[in-house]
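Below, each structure is written out as structure tokens.
Here chain A shows up in two complexes: once beside chain B, once beside chain C.
Moving on, here comes the complex of A and B:
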């Protein structure tokens, strides 16, 4: 009886101890990673990138909306949609400057890649990882701490640029946001955050499985280029090969299938997934993202989707992006836990 | 208490595919001793150490440190074991002090105890003057000393060092070894040092184990191993002459007590049961040979090493790579 009581007390103390080990080691690692990021040189690169992006998109949006308004004033018959003007600050570009949304879809991944591409293998090569894993900490604290620190930084950056663009646009144009617009913007920024974290997880995955930081940087950039540029080309080619649409007859028979296949292949790319979700969120006039037949359109009224309906439309996108992020992180987590770490 | 083993290795085996890195190792290390794990590169020393720390799983067998299973209770083991890896790495953009502080936080040392602890350790290893420099500016010797401070942060009972003396200059080496000795004598730490550098280790170790191809082929105090060789009653003489002809070879072969001779370039290596130096030098002088090099190998660690390597070679089949590394070892000795 006494023995069991003592045993229980011991295991309880042990359990408490383990929790506190988890806590203080994770805190120490998280703080160290944060300090590393913020004081490092690459943070300056990211900062320049983000500031340039913010200024360019505000300038583009304000001039773009301005010229659209001028056109509308000159020609009273031209229809100008004045609803959800605040969101247009994010989705409108200038004559040659892309919008905030398309800029961040392209540049956002870079931030993730820069923060993650050498997180594990650089420490392995410098011999510090060796020293870390021989401390009385759980090994997963290392990779979790790194991911959390980088994703915190990403979150701070995404939200500050989003809010900065909103504020600057508000000051320059005098467009006042409505409540719904703010909620839509918030959800869009959360989406962006997950999207960039996916690229962070991807870069970390490469850094776990490659030996050199350059290899992981190049492979993750290659993957990003593939998804951003080549995936849509590839999807088109594959769809055309499966369902040719060269003649009028083929067009009539295969048209829908071709379009669907093309779209679904494209949606394998996180870049496309994110862009599509962003356009639904930030443009309430988007009512459908799949092919819609004429029969379905009969009697439809032109109008805006309420927020709930927009969310319903992009729910699969959100789940898909989250799943991709978790998959990438899980693979790198398992790989890291199973790796034998020895000195160089 | 000094004689109870703190590290017990039982039948420990690690195989990578078909290659066995560590082969049924049995070893006990006593509390408070300095144990030298000697062997050429690739003998399985680092693998053994990784298994002791629970960083890699043994294929077979187990190891205990202070009664804790190294594989299953690695957290407990790592709490009492300090590990200084080969080529120890520090965060290069942090100062020495910051590196230590980070380690202290990882070990859960309360914030108010950290600064006095670090100051004391820096003092102990003689690094106070460079504590606030970034570690990228440190020399190899400084890194090793900071490494010792780093290991001591958690006040371990066992310290494991993997090739700690590689790349140190003679002065740095001397200081480093005296520091290790001090840890053992003053702080009563148990220290396991792996190395391929025989002489340095010889100076400080209480016992050594010679490790070749995953097998511990000899284990004991230096004196024990030395006397083992002497009782086998053979001498080895290295001699290099000019010219190095067959007449001289014939003379040597005719000597009493000669048991074997091998020619290696211009050098003869003569094994014998008696000391032949006097007869040979007399012969060389009277016949006007030029003596270039003469070395009688005695019961030093190098000799121990050589003898046991030979035994290992006789027993097992060897890959070419291993042979190469061994020849380099001898080459360094001859130079």
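Moving on, here comes the complex of A and C:
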């Protein structure tokens, strides 16, 4: 009875004001999801993670830059590149602490995974989803709302850490950012945001297609581990199998091909893709991302790429990462829309 | 009022007293030696006095001179004393012909008496001279003029023989010489000659100096050794030699070659010439740069870029057969409109266009391209900085792909969203 009534109301509303209802239901779900996240215990875990990461990376960067400066002062032959110092706050690590960039490339996905791994199947299991779809709302508002709420949270987190690291580094070291550095940092943070959102979309994908939250959590963590750690090993093994470089002769013949294959296989990993793009953005001295032969380096001068050229170097990364995110979300979207929920 | 008047009178009185005292002192000082001297003359015989006053000798360097009518001559006078007594002698000239003028002088005043110290040697002799002016109408002859130095028992005389000769001037010819008349150096050298100007005329003369034959843009200055800065005229005393530093600064863009110059001094219609030669040796100079000095450019991998080079001949010799070469990274192509420039005149420049094509696989960023312009004697290098860029078109492709992705997502939401 209730269902029918809801169905009637739904179809009646559709006739009158389709767009406004869709928008209204999406806003309501978005706000509810945000409230759930912010008041949940999970949010505190993420917050602690992010704060710890921020403090560690600022400490690492300041000590790392300090010791590099000391080394340069002690040894007149050692040159210390003082350009783009502000970006070094993000790319420099201490002796045992990784830099902000490598920390966020490793731990950033966790934020996405924690926010997304049980978004659908937990609600399905507890039966709340069943009640939700019986409301007079579009069903896709549910998954879109969840994704948007989580990605908003991710954006807030990423930008907070980035700005916090910049400000804390500025306070500790007195390094002032230039305009170009700020723009590079902004683009880097947007990039990071997309990267973490990809992992959110992956986690949601698992949560759509698995029945239990544990399964989706484990499988998404497994995927993350695979890309972060095993992909590079696997790429090395495959490249060596295709182009062996065991002898000096093989090294001479296959060296470049081996390297190229290794690199391209690695680029299948979002982790590698993101790290490579980040290093180009945050280190303007990076001029090439592919293998560079000595012939290409003859007559090359030390210098920095303008921002536009750096962006032109990594646009495939940006597009690839975006495409991966969209693909993951689209699959989970289609899967969710086609699922039979009421019969559950 | 009264008090003021009284003060004034008091002051006057004191002043008068002081004056009186000074006068008495002065009188004593002046009279005392005279009194002593008087005593001596009184007690000793004439001959003794002479010997006691010592061998007082009154002399000049050149007692006989030749002067033209209307001319003048100056005799430096020396009084020496081998004796141990000081004395004062009065100076006087005798036998001065009618119309002639003569006067004893020290450096500034006319002198009538002179004090001679004990054991006075020639170099201690006070500056004293007798200047003689011969009237225009003096007849040609030899005149003897006697100069007397009289004082007490001393009576020394000095005979001057003055020959009046209308042709006098021709006897002494002024000279203007230098030791090193030919000098050489590269462009930019400042040449200096030391010229010696001797006044043999027997009169003090002022010479005006000039140069002839200096090309335009050259700078020639005359600086007498006793003058602080350059001047155009130099006074030279009779019989003296003045050393004149002549500085020759050739023009900045002077060509190699020999440049004869003539230094000239001019006095009362008489001109002395001193020919010298300045030899500018050749310097080769070549500079390769761009017309506006901008040595950086940017292009895309595999795409040619034209850079206008300016090859300048900065030397003073014409250059020929200058070949242009470029050194760049592997697989880069650099060609020139003209590989060889046949001729660049001294001081001029030629513009050549270089076509720089980076290798197809050049990485982004800056590369150095070294352009060398050289012929067999001279060489210049020009470092160009070429920034290899990516086409912005690829950025547009990225934006299009992202837009397509968004459109795809929207399409899928539209298609499946109405459940």
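The rule we apply is simple: the second predicted complex is superposed on the first by the 326 of 344 C-alpha atoms of A that agree within 3 Å, B and C clash if a C-alpha of one lies under 4 Å from a C-alpha of the other, contacts with A are read in each partner's own complex, and residues count from 1 in each chain.
Simple rule for what comes next: contacts are C-beta pairs under 8 Å (C-beta built on N, C-alpha and C of every residue); 3 or more make two chains touch, one makes a residue touch a chain.
In this text, all values refer to a predicted model and were calculated from it rather than measured experimentally.
> Fit or clash for chain B plus chain C once both are placed on chain A?
After superposition on chain A, which the two structures share, chain B sits beside chain C with no clash.
> Is A:333 contacted by the first partner chain B, the second partner chain C, both or neither?
second
> Between chain B (first) and chain C (second), which, if any, makes contact with A:256: first, second, both or neither?
In the superposition, A:256 contacts neither chain B nor chain C.
> Under the stated touch criterion, which partner chain does A:291 make contact with: chain B (first), chain C (second), both, or neither?
neither
> What is the contact status of A:130 with respect to chain B (first) and chain C (second): first, second, both, or neither?
first
> Just to be sure I read the superposition right, which of the two partners does A:28 touch: chain B = first, chain C = second, or both, or neither?
first
> Between chain B (first) and chain C (second), which, if any, makes contact with A:144: first, second, both or neither?
In the superposition, A:144 contacts chain C only.
> Chain B and chain C, closest CA-CA distance after overlay, in Å?
Shortest inter-chain C-alpha distance (chain B to chain C): 7 Å.
> Residue overlap on chain A between the chain B contact set and the chain C contact set?
Shared contact residues on chain A (touching chain B in one complex, chain C in the other): 138.
> What part of chain A is in contact with chain C in the complex they form?
Against chain C, the touching part of chain A is residues 138-140, 144, 287-288, 292-293, 295-305, 308-309, 311-313, 315-316, 318-319, 322-323, 326, 329-330, 333-334, 337-338.
> Touching chain B in the complex: which residues of chain A?
18, 20-21, 24-25, 27-29, 31-32, 36, 39-40, 123, 126-138, 340-344
> Of all residues in chain C, which touch chain A in the complex?
Against chain A, the touching part of chain C is residues 327-332, 359, 361-370, 385, 387, 389-392, 394-395, 397-398, 401-402, 405-406, 408-409, 412-413, 416-419.
> Can you list the chain B residues touching chain A in their complex?
Within the complex, chain B contacts chain A at residues 46, 50, 53, 55-56, 75-76, 78-79, 81, 83, 85-93, 102-103, 105-108, 150, 154, 162.
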